[in-house]
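Two complexes are shown next, each including chain A; its partner changes from chain B in the first to chain C in the second.
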Partner chain A sequence: MEASGLRPEVRKLAEMTIPIGPQHPALKEPVGFMVNVEGERIKSLDLDVSYNHRGIEKGVEQRDFNQSLYLIERICGICSHAHATNFAKGIEELMNLEIPKRASYIRLIVGELERIHSHYLWVGVAGHEIGFDTLFMYTWRDRELVQDLLEIISGNRVNYAINCLGGVRRDLNEKTIKLALDHLKKLGERAAYYTQLATTEETMVDRLSGVGKLPYEKAKSLGSVGPTARGSGVDSDVRRDDPYLAYAEVPFKVITANNCDVLGRTIVRAGELAQSIEMTKWALENLPPGEIKKAPPRSAPPGEVISRYEAPRGELVHYIKSNNTDKADRFGVRTPTMANWPSVVEGLTGQNIADIPIVVAAIDPCLSCTSRTTFVDIDRHKSWVWNWDELRNYSIRWYKENKGIYWGD
Partner chain B sequence: MTEVDAWLVFLYVLVFPGIFFLLGYSFFAEWFDRKMYAKMQNRVGPPLVQPLADFIKLLSKEDIMPEGVEAKPYNYLPLFAFAAVATSFIYIPTFMSSSPVGFQGDLLLVLYMLTLPTIILFLVGWYSHNTFATIGAYRAVSQLFVYEVPLFIAALGPALWTKSWSVSDIVSWQQGNPWLFLIQPLGFIIAIICLQAKLERIPFDIPEAETEIVGGPLVEYSGRKLALFRIATDMLMVTGASLIGALYLGGPSVGFSLDSLPFWAAGVIGFVAFLLKTLLIIFLLSFIRAAFARLRIDQMTSFGWKWLASLALFQLFLVIGMRMVVP
Partner chain C sequence: MTDDNPMLAVVKQDLGSKAVEVTAPRRKRMTIAATPETYRDVIKYLQDKMDCYHLSVLQGVDNRTSFEVVYHFWSDRNGMFTVKVALPHDKPAIGTITDIVPAAILYEREVHDLFGIEFPGHPDMRRLLLNDEWPKDEHPLRKDWKMDEKKFYGGVRSSTGGEKAG
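Moving on, here comes the complex of A and B:
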């Protein structure tokens, strides 16, 4: 439907404004778009953000560093580790504290596992947005492997809380490393399959290529970050450009694509998925021995720091100002999604209504899971606690016996 | 018509295989479709009573009408959709080779009646006074023009081959002859694809695309009216599958004559054959739903006119040519 060829009276009939958000099935977080369309074609759109201000930055200024670390972890349900690590890294820089090597490796491992789970999630959500629910179901099933792994390593599925100031909270043992390598092998196989599917299945390629055009210059001038920028050929990655943790030692490639559309971003994410799996394997195999934690000082000397971290969605920036106390004097967060909103507006203008969900592909649903449960039997005055393994085994057994479902090994 | 005959026709229309059977079978078909879809996605899927439970739940829900909507069309349109589909079903043979109410030309009536739900969906979207519903209505009617032509041509093939405009005659012809999908495989495939588009299922769920326009024309509907629409869609699936089954797979016929058997035994065998064939077609529809992503309306239009329509025309000329050679 070529809108420009319409007669004026018909054009008037075809013109309307569609509210996409703040509540809309395509959006996983509240953001508002007022989209002016002519028939199926988008003429212009207005972006309206900040429906979800939670005052975390102010909250951080009122808590000490240790408390803040766990508050900051709750900024995002998907990149929780990115936020916590970035903050810990910044504070440690202010304190002039170098964390043990093993701790930085463990942080890296959890960070890359987080990227794997986030990209798996993204592939599923992208499938759902273009009406390919089968892909969604498959990827989210396989994502359980990496979720389980994070749970085994850190004790949590969403807010891993592996970090503490001066190192990490938990160590990895031989058994966990073996299990992780095992799971990573499976994840790698599945990831290769989904990559092949997303880049060759015809209806998917039709829906992804040429959609959400973001030329290289625009990606640069609008300050896009992460896979969005790399999908437009911008070769930037904080992990390589400004190495932190153990990224200077772990071999990896920065994936870019020159498609400058949603397909390009998909190719980048798929490539990163493979890279992350390899990096995690390398880090697990070359895990240095030693301490996992150093005692941090109580306060940080006066100073400012800009802490950068390559989160699954792109460069995450934390600004921290300390003033010789145990609290941050000022704290600011610039999330990658914030940096990428302008590119969404750019990419959507002139496109179809049908492309809104996939171009927006806002991907921050919060998943949560209870890791342990207390059972109370009132009649017998008894109570007991099940840990995660018991709960998980119970759920697997229940489904196996009652529903006949079992897709374990 | 004698007293007994009238009574039998009444039974045929209302109980079996009329509205009551159609309702029950529609619930089963919806369950079957959802279960198959779930299995293909490695999920558990709903229990058998789920569609019925959903229906009852919707009936008991509050019925909301937006402000400023014309009440009469808004209230009555769901009934029209329901009635149109229920009417078309009784012309399709379900257990014997012909329908007692069938007449010469009922194929056209069935096709026409099956077009009505989409037109009604457009009207519903138009009357709902909602941006998403309006866009859905536009899309429903744009899509209608794309798939309806190939579907009609695909239905024309069997009619031309058997030289009859009656569904019952086409089924009777296939009782002693090979099923038509063996003669016209292309038409069978086109008909399946068009039925998928008519039912607005992936990859053709463009008018209701939930992630884009929140559900399309039905976005303002709730309660019992929505329930009526949902059951009408299920009935449309069953009727469409039965029509393709009758035209291309011989409906209740099993490939050889059952005249030597008593009437009831032949009826039961025919009925089982009918059920199996419709379920096979519904399985194919579920498979298509699981295997693709949603198309855009422009992609759908170009696919429909470039491929579906031209292949359907090719098939039509092939049938005419073959009919000249084969007496």
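Moving on, here comes the complex of A and C:
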């Protein structure tokens, strides 16, 4: 039955806006969904991304560049280095300050290690959402190697704070480089295994292909970025198209897939893991000698800069306007997750309720627990609320009963 | 100068009087100042002739005496194009571009929410980032915005005395 044929009060139920979920201060980005379903199929989807708006853009206007750098690092817990580096290189461009070569290599190394840890994390979360918990255990074990490396290099497991204006805070010594190369060899073997898994493991291919369809044209017009766009065949990568740091010198390939679904996004991320590992190795082996930082001036001349960075989730954009003081006049951020929300709506429309967890997880949003989701069943005239775990269990059960896809005993 | 943007002369000539000013700070970066009358033509030109398929973001800027809406378009071949449109400080409004650039749907809501710039024609203009209890007509990224201690900005209401921001 179409919604238009219903009694007005029932139709109103379908359009009801319900405040969803408590705040989760521990998570970066709790998102509320309003899903209209007809039986099993999703008719439309609305989302609310307003939880945890922290006013960092305003905060930056009131702090000097050095203070801002560490505030901006805290925009995201997973891609903190992406934000800090993007801001630092933007300000340095405004100041006309060229950082030492060794510093830009160290920034690149930390950036690629961050991508490796983020993609391992994603493969695990995706495995968990479809009930393949063995994969989750495997990848998160491997991820510890990267986390250990980041801790040895920067002193921190998250929010590495390796950047300072004009360069980096810490140098790499021979011992660290040797250990890193050792770890990367192991990680490379694992990445090859996951690539094989994503492309040939039958149950996984069955579960992921055709889910969350995002055609090439839609991916382009909706402004998708990163692995979400590349999984739909859009051949774009800031590292290659608009090189920054030392990316113009490091050899690498941009991975794309033409599947236009969650499987495509998985293949892209698995392929990028291998690429990032090779890039980090290359950068460590060809690390130029010399200084690691330069003293920056206190203020930046009037001007504006648009700074782009390929974060693990896609193109990250900072717009910085300076006014000859030590503070930014305007600091605007567009995170990759923001750019990818319209593609989630597109990918879920017409799909099953059971596909919500994996389609949402497929853009790798910075959230592991999407507060709660309200369901309105137009046919049965009722609505109910599920939390993320209940939804995940439902999804695993549905695929077990209807498609025979199950990883348990 | 090897860092010049080779497209500068071409864009200048093609846009003619539609652009108030065209500058290129470096390769792969160009800034085009347009007016509320011409910005749609400029954006269409960038889409058709410069392969700008991707709207990176559109943002608001408060210049104290005027507002600016800044559109950032990316083309793999020609780099980043920034289109700036100046708007009056009193009742700033500019027509939506969601009909020609669907990706703008969330960004226009964000700018509307934080700067109070209207986008007539937008299909779904609701708050995006601020909470529902935030006072109407207050837009925190405006330079003259100050928090009013007496008002309630969301969060937990204080049980003693006046209302407190959460």
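As a working rule, the second predicted complex is superposed on the first by the 332 of 409 C-alpha atoms of A that agree within 3 Å, B and C clash if a C-alpha of one lies under 4 Å from a C-alpha of the other, contacts with A are read in each partner's own complex, and residues count from 1 in each chain.
As a working rule, a residue touches a chain if its C-beta (ideal position, glycine included) is under 8 Å from a C-beta of that chain, and two chains touch if they have at least 3 such contacts.
Everything numeric in this text was worked out from a predicted model, so none of it was measured.
Novice: For A:319, using the defined touch cut-off, is the partner it touches chain B, chain C, both, or neither? Pick first, second, both or neither.
Specialist: It touches chain C, and chain B stays clear.
Novice: Which partner does A:128 contact after superposing on A: first (chain B), second (chain C), both, neither?
Specialist: first
Novice: Touch check for A:221: first (chain B), second (chain C), both, or neither?
Specialist: second
Novice: Taking the superposition on A as described, I'd like to know which of chain B and chain C A:352 touches: first, second, both or neither.
Specialist: The first partner, chain B, only.
Novice: Just to be sure I read the superposition right, which of the two partners does A:289 touch: chain B = first, chain C = second, or both, or neither?
Specialist: A:289: touches no partner chain.
Novice: Under the contact definition given at the top, report the residues of chain A touching chain B in one complex and chain C in the other.
Specialist: 19
Novice: Residues of chain C touching chain A in their complex?
Specialist: 25, 28-29, 31, 53-57, 59-62, 70, 72, 74, 76, 79-80, 82, 101-103, 105-107, 114, 127-132, 140-141
Novice: Under the stated contact criterion, what part of chain A meets chain B in this complex?
Specialist: 1, 16-19, 24-26, 39-40, 127-135, 137-138, 141, 201, 203-204, 206-207, 352-357, 403, 405, 407
Novice: List the residues on chain A that touch chain C in their complex, please.
Specialist: Where chain A meets chain C, its residues are 19, 49-50, 53, 55, 57-58, 220-223, 235-236, 241-242, 303-306, 308, 315, 317, 319, 321, 330, 332, 334, 338-339, 341-342.
Novice: Show which residues of chain B lie in contact with chain A when the two form their complex.
Specialist: Touching chain A from chain B are residues 40-44, 131-132, 134-135, 138, 202-203, 205-206, 209-214, 290-299.
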